[in-house]
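Quick heads-up: structures coming right below.
Shared chain: subunit A. Partners: subunit B in the first complex, subunit C in the second.
Our next item is the complex of A and B:
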């Protein structure tokens, strides 16, 4: 018996997650074998290729927004989690304090330094190696080499500025180096790093004006910083993204006409540009049972751009729209937003997450074949 | 069940609080003089034994020891 093929309307109905005033319905996906009697939902590569689609909405250097259409939530979520946790990046890991007479304590200062996002030659950062950190005190000591450690320096002393005006109250003018900023960190290449981390490719903080500490005359900070590659799962400072999130495409379905003053009120329930107002045409008004009879020329509400909706459900609070509108979200349309911290470009970050997932799959496959052997 | 008897730290033995290692730079001036920092104006004040405990610049009477120059390692996390 050939498998049943559901109609397009039925498939569309299954794609929409219902969002009601107080409940969310039709949440789990059902496109797997054995759920719908008689239908085949086996996963096929050809079919996936045919249905899968990527759309870019914006692609700035450090912020990208794009849609992945036609894949399962599990895969989309895997990409999101890999983006945050499993792409290795460079960050300050060990701080050797030679002198710190500032009011900020050594350990607090070290923690602050660790969180500063660094950038530099992408080629060089990719050339550096990342090794899984072994937890515990008895872990073997890692040998420091040019392919796993970048050495930096923070050496600064605050002194009185004798050129300052007598009645000056601003500490930054009254003293030299009253504020220690990220730009005061310096990183020098070691060994083969001098092939990558020179000139424009030098390791440096992404934002030069991050305030690290405040000093007063006579106080100084002198420390050596060792940066290593790590992953976000180990510590958030290694996460290459500031945010990596997705939302589902909102879906607004106007079931019966909303006309006149109601239409204006309806449009106000949504963010600007989501609902448009259009005049009722004479054809629509002439059609019996359409709900538009006798309203020719009046304004009706139409869905212009559901993409920008925030799904606030405001329209469901008003009596007059009761039963006239159905809100939902499209189950397999993921609108990603990836904001890089500055070490890598945001679109390459996503490709990197695909690479990591591929590697994981390969490892899983190898494990399976080992089981069979 | 024998407990070690308390030993009075002698100046001769090398211990963690050894003056030559910890306060190297402060002691370097002279064996008998030590540098302090003024609690008011944070100026360097060098005192010999028997000196009045007082800042030479501002006259403040609270002086602090300098921080050790020994390196301390921290994890940035």
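Our next item is the complex of A and C:
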């Protein structure tokens, strides 16, 4: 028996998660074999290939926005989680304090340094090796080499500026190096790193103006910084993204006509541009039972761009729209927003997350042979 | 069931690890392992994944549930401070839980390939269109 094929309307109905004033409906995915009697929902790569789609909205260097359409939440969420937690990046991990006479404590300063986003030759950072950190005191000592550690320096002393005006109150003019910024960090290549981390590819802070500490004359900071690769699951400083999030595409369905003053009020319930006002055509007004009779020329509310809706549900608070509108979200339309901290470009980060998921699968699958034996 | 190859005795585990580490440094990653929890049969088994969480758990659950031969699939993280994920699979007679798990991995990997392919195509097209807009 050939499997039943649901109608397009039915499929569309299943795609929408209902959003009511106080509740949500139709929440879990139902596209599994055995859920709908007679229908086949088994995994079919061809079908997935056909239905899956990517739409790009924005592709700046460090901020990208795109839609993944035709994916299950489980998979979309895996990508998002991997983006935040499992893509290795370079950050300051160990700080050797030779001298620190500033008012900021060693451990606090080290913590601040760790959070500074670094950038440099992507090729070089990819060439560097990442090893899973083994927690605990009895972890084996890792040998420091050019492919796992970048060495940096922070060496700065605050001195009096004798050229400053007598009545000067600004510390930055009164003293030299009163403020320590990220630009004062310097990273020199060692070993094979000199093939990558030179000139434009040099390891450096993404933002040179991050304030690290404040000094007064006579105070000095002298530190050696060791940067290693790590993942966000270990420490947030290793997370390659500032934000990686998705939302579902909003869906607004106007069930019966909203006309005139009501239409204007309705449009005000949504962000600008989401609801448009259009005059009722004479054709519509002539159609019996359409709800537009005798309203030719008046303004009616139409959905122009549901993408920008925030799904605030404001329109559901007003009595006059009762039963006239249905809000929802499209179950399989994920609008991703990926903002990189600056080490990698946003689009490469997403591709990287897909690669990581695949690698994880491959590794576990290989491990299965153990069980089979 | 081929059975749980790995004993659950913690002492036994550390012995295995110690041997692995001295053998090869790359094994640090592969040290994480899958166990079959006690009480399994050919068609119904619970697997324990060490060092895995919701990321893999939910995606894998989805991929396995998509298999028509699978009667039940669910995952849980029994305790949040233990980095362990349990995956339960029950299948019909035509296949085994282990095969279903393997198919789940394969399907997920195929899915990743399609996502990469379509994403790259869409991005390149977007970049091209935007470059044209900027030039004109």
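By definition in this document, the second predicted complex is superposed on the first by the 369 of 373 C-alpha atoms of A that agree within 3 Å, B and C clash if a C-alpha of one lies under 4 Å from a C-alpha of the other, contacts with A are read in each partner's own complex, and residues count from 1 in each chain.
Quick note on the criterion: a contact is a pair of C-beta atoms (placed from the backbone, for glycine too) under 8 Å apart; a residue touches a chain by one contact, two chains touch by 3 or more.
Because the structure is a prediction, the values reported are computed rather than measured.
Look at subunit A after the overlay: subunit B and subunit C fit there side by side. Legend: residue contacts after superposition of the two complexes on their common chain; A:146 is shown touching neither subunit B nor subunit C. Taking subunit A as the reference chain, the count of touched residues is higher for C when subunit B and subunit C are set side by side. Of the two partner chains placed by the overlay, only subunit B lies in contact with A:100; subunit C stays clear of it. Judged by the touch definition given at the top, the superposed model places A:219 against subunit B, while subunit C stays out of reach. After overlaying the two complexes on the shared chain, residue contacts for A:235 are found with subunit B alone; subunit C is out of touch. Applying the stated contact rule after C-alpha superposition, one finds that A:345 touches neither subunit B nor subunit C. Between the C-alpha centres of subunit B and subunit C, as viewed from that of subunit A, the superposed structures give an angle of 100°, to the nearest 10.
Legend: residue contacts after superposition of the two complexes on their common chain; A:68 is shown touching subunit C, with no touch to subunit B.
Residue contacts after overlaying the shared chain place A:33 against subunit C, while subunit B stays out of touching range. Contacts of A:85 after superposition: subunit C is touched, whereas subunit B is not reached. Of all Cα pairs spanning subunit B and subunit C in the superposition, the closest are 20 Å apart.
On the side of subunit B, the complex with subunit A involves touching residues 37, 42-43, 67, 69, 71-77.
Within the complex formed with subunit A, the subunit C residues making contact are 2, 5-6, 21, 28-30, 32-34, 36, 49, 52-56, 58-59, 61-63, 65-68, 70-71, 98, 101-102, 105-116, 118-123, 125-127, 130.
Residues of subunit A that touch subunit C in their complex: 29, 32-34, 40-43, 45, 48-49, 52-56, 59, 66, 68, 71-72, 74-75, 77-79, 81-82, 85-86, 131-132, 134, 140, 347, 350-351, 354-355, 357-358, 360-365, 367-368, 370-373.
By the touch rule above, subunit A contacts subunit B in their complex via residues 91-101, 106-107, 110-111, 113-115, 216-219, 225, 235, 237.
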